[in-house]
Amino acid sequence: MQQPIGFIGTGNMGLPMALNLLNAGFALRVYDLNLKNVAPLVAQGAQQVNRPCEVVEAGGIVISMVPDDEALEQVVAGENGLLNRLGQGGIHLSMSTVSSAAARRLARLYARQGSHYVTATVFGRPDVAAAGKLALFLSGNPSAKERVWPLLQVLGKQLFDFGEEVQAANVVKLAANFLIASALEAMAEAAALVEKYDIDRVAFLDMIGQTLFHCPVYTGYGAMIAEHRYTPALFRVPLGLKDLRLCLETANDEHVPLPLVHLVHDRLLTALNRGREDLDWSALALSVAEDAGLEEHSLAL
Amino acid sequence: MQQPIGFIGTGNMGLPMALNLLNAGFALRVYDLNLKNVAPLVAQGAQQVNRPCEVVEAGGIVISMVPDDEALEQVVAGENGLLNRLGQGGIHLSMSTVSSAAARRLARLYARQGSHYVTATVFGRPDVAAAGKLALFLSGNPSAKERVWPLLQVLGKQLFDFGEEVQAANVVKLAANFLIASALEAMAEAAALVEKYDIDRVAFLDMIGQTLFHCPVYTGYGAMIAEHRYTPALFRVPLGLKDLRLCLETANDEHVPLPLVHLVHDRLLTALNRGREDLDWSALALSVAEDAGLEEHSLAL
Amino acid sequence: MQQPIGFIGTGNMGLPMALNLLNAGFALRVYDLNLKNVAPLVAQGAQQVNRPCEVVEAGGIVISMVPDDEALEQVVAGENGLLNRLGQGGIHLSMSTVSSAAARRLARLYARQGSHYVTATVFGRPDVAAAGKLALFLSGNPSAKERVWPLLQVLGKQLFDFGEEVQAANVVKLAANFLIASALEAMAEAAALVEKYDIDRVAFLDMIGQTLFHCPVYTGYGAMIAEHRYTPALFRVPLGLKDLRLCLETANDEHVPLPLVHLVHDRLLTALNRGREDLDWSALALSVAEDAGLEEHSLAL
Amino acid sequence: MQQPIGFIGTGNMGLPMALNLLNAGFALRVYDLNLKNVAPLVAQGAQQVNRPCEVVEAGGIVISMVPDDEALEQVVAGENGLLNRLGQGGIHLSMSTVSSAAARRLARLYARQGSHYVTATVFGRPDVAAAGKLALFLSGNPSAKERVWPLLQVLGKQLFDFGEEVQAANVVKLAANFLIASALEAMAEAAALVEKYDIDRVAFLDMIGQTLFHCPVYTGYGAMIAEHRYTPALFRVPLGLKDLRLCLETANDEHVPLPLVHLVHDRLLTALNRGREDLDWSALALSVAEDAGLEEHSLAL
């Protein structure tokens, strides 16, 4: 009989993902820094453990969904980490948005133990995760990917394989996130322009979403930007900033100039400086409006 | 019985639009600087005239689809122009992408003659025009808009009314075009980033078009950028540059800073400087690739 | 005996220049839209006239120092303009900051009358003009330049000849002004950075001016930016914006991408949108500080 | 009698600085990874040691001039590092261009041992260092700064004290370097503009250096940019890129958006991608020229 799947990091994204695995019949051992986060899983039959390394036996599979490079490195190479536990043939399926440098480093560490580090980054929000409809970007060792395939089919609706280099799926995730950020800036600038000509920005962005840009990023964020409605946040300003900073570092490492990423990154710095850390990252549109002299919007917050 | 509709400018876009009007049963009088352009319309029963003013009688309706501000001003206020011909209650339905300043100026001139200048800019390429599926942005006098409504229903599939100010539909068109240009830059940067990490840029942009960006701009242009395939051109570099320059002038007139428009505008200047005037405007992605050190692409041209 | 020199436009810059010519012994006929502006010159012996064309006889020399393209075109080709007055061998010495397109157009018009249009743009503020220490950039017909040379020697301390093309000196002036604007942005960003690290921005910019940047632009503007002291304005925001816009148009006409000019241009748009039209253009540093979260400065105004 | 001064890192900059100290009568113990680098100092009486920690006794003073954060951390906290050697009252005078984060971290480590970490960054090239005319930026503990003052007076001509926070002098150095980089970009853009109008770029930049920008950065780099003469390199492209990247990281840590730094940073990435790693960093002007369609210059290299 197969050992339970380990699952580390059951926050906003990890929780619905882990629930889906339970519902699909997988046994889970779960760990989160915050004990409260795992309670809904225990209620559904998951086994709670007290240290990261305890979620898995040698040769098993562990999934992680943690906030950043530091958290991931702690889970792997910190005290009570997975590194010495996972053993020959074990697989760490890493689903967080982290730097490509971190992915490469951890993959090397695991390789020395005979373990596999596989990357499967996710594209979608918690509600999409709950529906099992995430898009998943996959990269790493082919046989390891094959072994985790049944799990991925539960977690996501669309799977895209980007080859054997473990960092590939990280780069793809950062690039995809940047495409969203760019669309935010573009909509914000276009909306500021039409508004200065006394055209209804709501009508304008609504039209955009009905015509050439009939897709979730433009219809969803378009409505938020049109109305300057940035709460509840789908993705908070500091999280967006973190991803864009990772994107720039990743780009710099390979000498790729990305002026549009810089522009959006700086918008988010300004958003932070104006006390908008709890707003959705589309709130960068407030700075665009303010620079254009449409300042009443910021006052409304 | 109603007099024929005048139609001025039967180039790539104007020709399929005029054909649709003929097919819908409207009588047309047509004029184009290039006689050859009107031949297919004459073959379908349109009446050809030799001077702009001859396409319409006093009180009638004339549609124009010409390349730029200068051409439009010539058609209206030049020798043999429409200005003194259109008369009380006549309507000039202007469908070209021109500056908001030109729209306001011509509307004022017509107003003194009792004529109406109505703007109906179009969003779509010639094949979309031929299918009668353009999106149309409308602005101007309400009763004049009502009178041209039957024509617009033939020409477009989606009509969006942006109020009474004649320039509103021009600004909307420029802003919409800018959104497309921004998406090109974003895809080009993202593709350069993944390619530098040895990830297949075609697979990446294909994935984007299947997930959060499942809409024509990203799927259509995405494939072109992915493969650096810029001929045949849907919209040539100089046309894109013209529209972005109009957009910047329109923005400057109302003091709207648009850094992303600047960025894309400069990409197109560089494209021109590299001899790419016959390529599609998505060829700005070549400069992005070249700046990133992916130069073999440009050599391939 | 030689006829008097004509002088049109006796504002902040024109007045001290005209006074210097009077003091050097030149007879002047003067015109300004604002009668009050010429009074100090009349008090020193200048002859006042009521229409632009009256400042000069056929074959004479007229100097103009007016605000912009429109004013210059009015003085030349408007009612009572110089165009038909200057005649064979007459010289219009144009010292305003105008577009290269305007310079070319007017030069062509004059050429048909046998007159010469010579450009001599100026680099320096009113106090420098008063001291006769302007730098002058010269371009146009060689023999015409030779004839106005004695006047230029009174007006400026350093003369730089940029050849026969009339617009050359316009382009040089725009490029030189842009270099100043760039230095403002650079100092503003550097000062914001050090201030965020609790370093005295005054001490920092003072040091800069004592070391590698020991020159007027950095020492003079540096002190203003360091202390956020933007009144009295040496060069107001709208004037700076006008020059940068001319610079961008001039660049666009020859397909030169200038991203740094765009950046500074947009800073000035934002300055206008924040009600800073009466501040010196170095007040763009307030927007830099505000974006960095150093907002108390703007509140101080 | 006082113990010898330790000196670590005797490369292009460190060597002339150490020679000046010897010539001023200070006894030196020297260390460099590359043995050849210390030979000229040994010839002048310096004592060579084989490990960083051997350059100093407890309570002494050690100067370091190493390439980057990593080298500095190795010298301090690596095997045979200074950390456990410097002891109570010892002073590490750190003169390298490193990140403010590294400076803070090392200062904390030393503080636990009772040692002082003092920053004295330098502004100037090797020839300036040899002449003892560097500008020095100083920050750190007041009594420690007082103790190293006699050394600093030998090394530099101008000393600027930026307070007690050790990282202050690092930030000042990065900001000062950025001001130079900005001037390079500005001159490159201005030169491209005038050249497109057939104006002599050499004459233009020469004029700039004679008028409002009569200071070393503009006259020295101006001549290089005017003639596209980038060898021998004063400061190579990769070194410039390293400093600008440090500057951006330092800015990000405190949420300071610096769009002009981004622009110049990206120019240097592109320069690297075009094989210009051995050229002076002012070679960013080649990319500016190429974007403007003035490509013959790059072919000349």
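We just call them A, B, C and D in the order they show up, numbering each chain from 1.
The definition used in the following text is that a residue touches a chain if its C-beta (ideal position, glycine included) is under 8 Å from a C-beta of that chain, and two chains touch if they have at least 3 such contacts.
Source: prediction; values computed, not measured.
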| item | value |
| --- | --- |
| Partner chains that subunit A and subunit D have in common | B, C |
| Reaching subunit D from subunit B through chains that touch each other, fewest steps | 1 |
| Pair with more cross-chain C-beta pairs in contact, given B-C and A-C | B-C |
| Centre-to-centre distance between subunit D and subunit C (centres being mean Cα positions), rounded to whole Å | 38 |
| Centroid spacing, where centroids are CA-atom means, of subunit B and subunit C in whole angstrom | 39 |
| Geometric centre distance via CA averages, subunit C-subunit A, whole Å | 53 |
| Touching two or more other chains - residues of subunit D | 255-259, 263, 266, 269-270, 272-273, 291-293 |
| Chain contact topology (line, ring, star, complete or other) | complete |
| Subunit B-touching residues of subunit A, taken from the complex the two chains share | 100, 123, 135, 137, 158, 160, 162-163, 165, 167-168, 171-172, 174-176, 178-180, 182-183, 185-187, 189-190, 192-194, 196-200, 203-204, 207-208, 210-218, 247, 250-251, 254-261, 263, 291-293 |
| Footprint of subunit D on subunit B - complex, ascending | 259, 266, 269-270, 272-274, 287, 291-293, 295 |
| Residue ranges of subunit D touching subunit A (in the complex, touch as defined) | 245, 252, 255-259, 262-263, 265-267, 269-270, 272-273 |
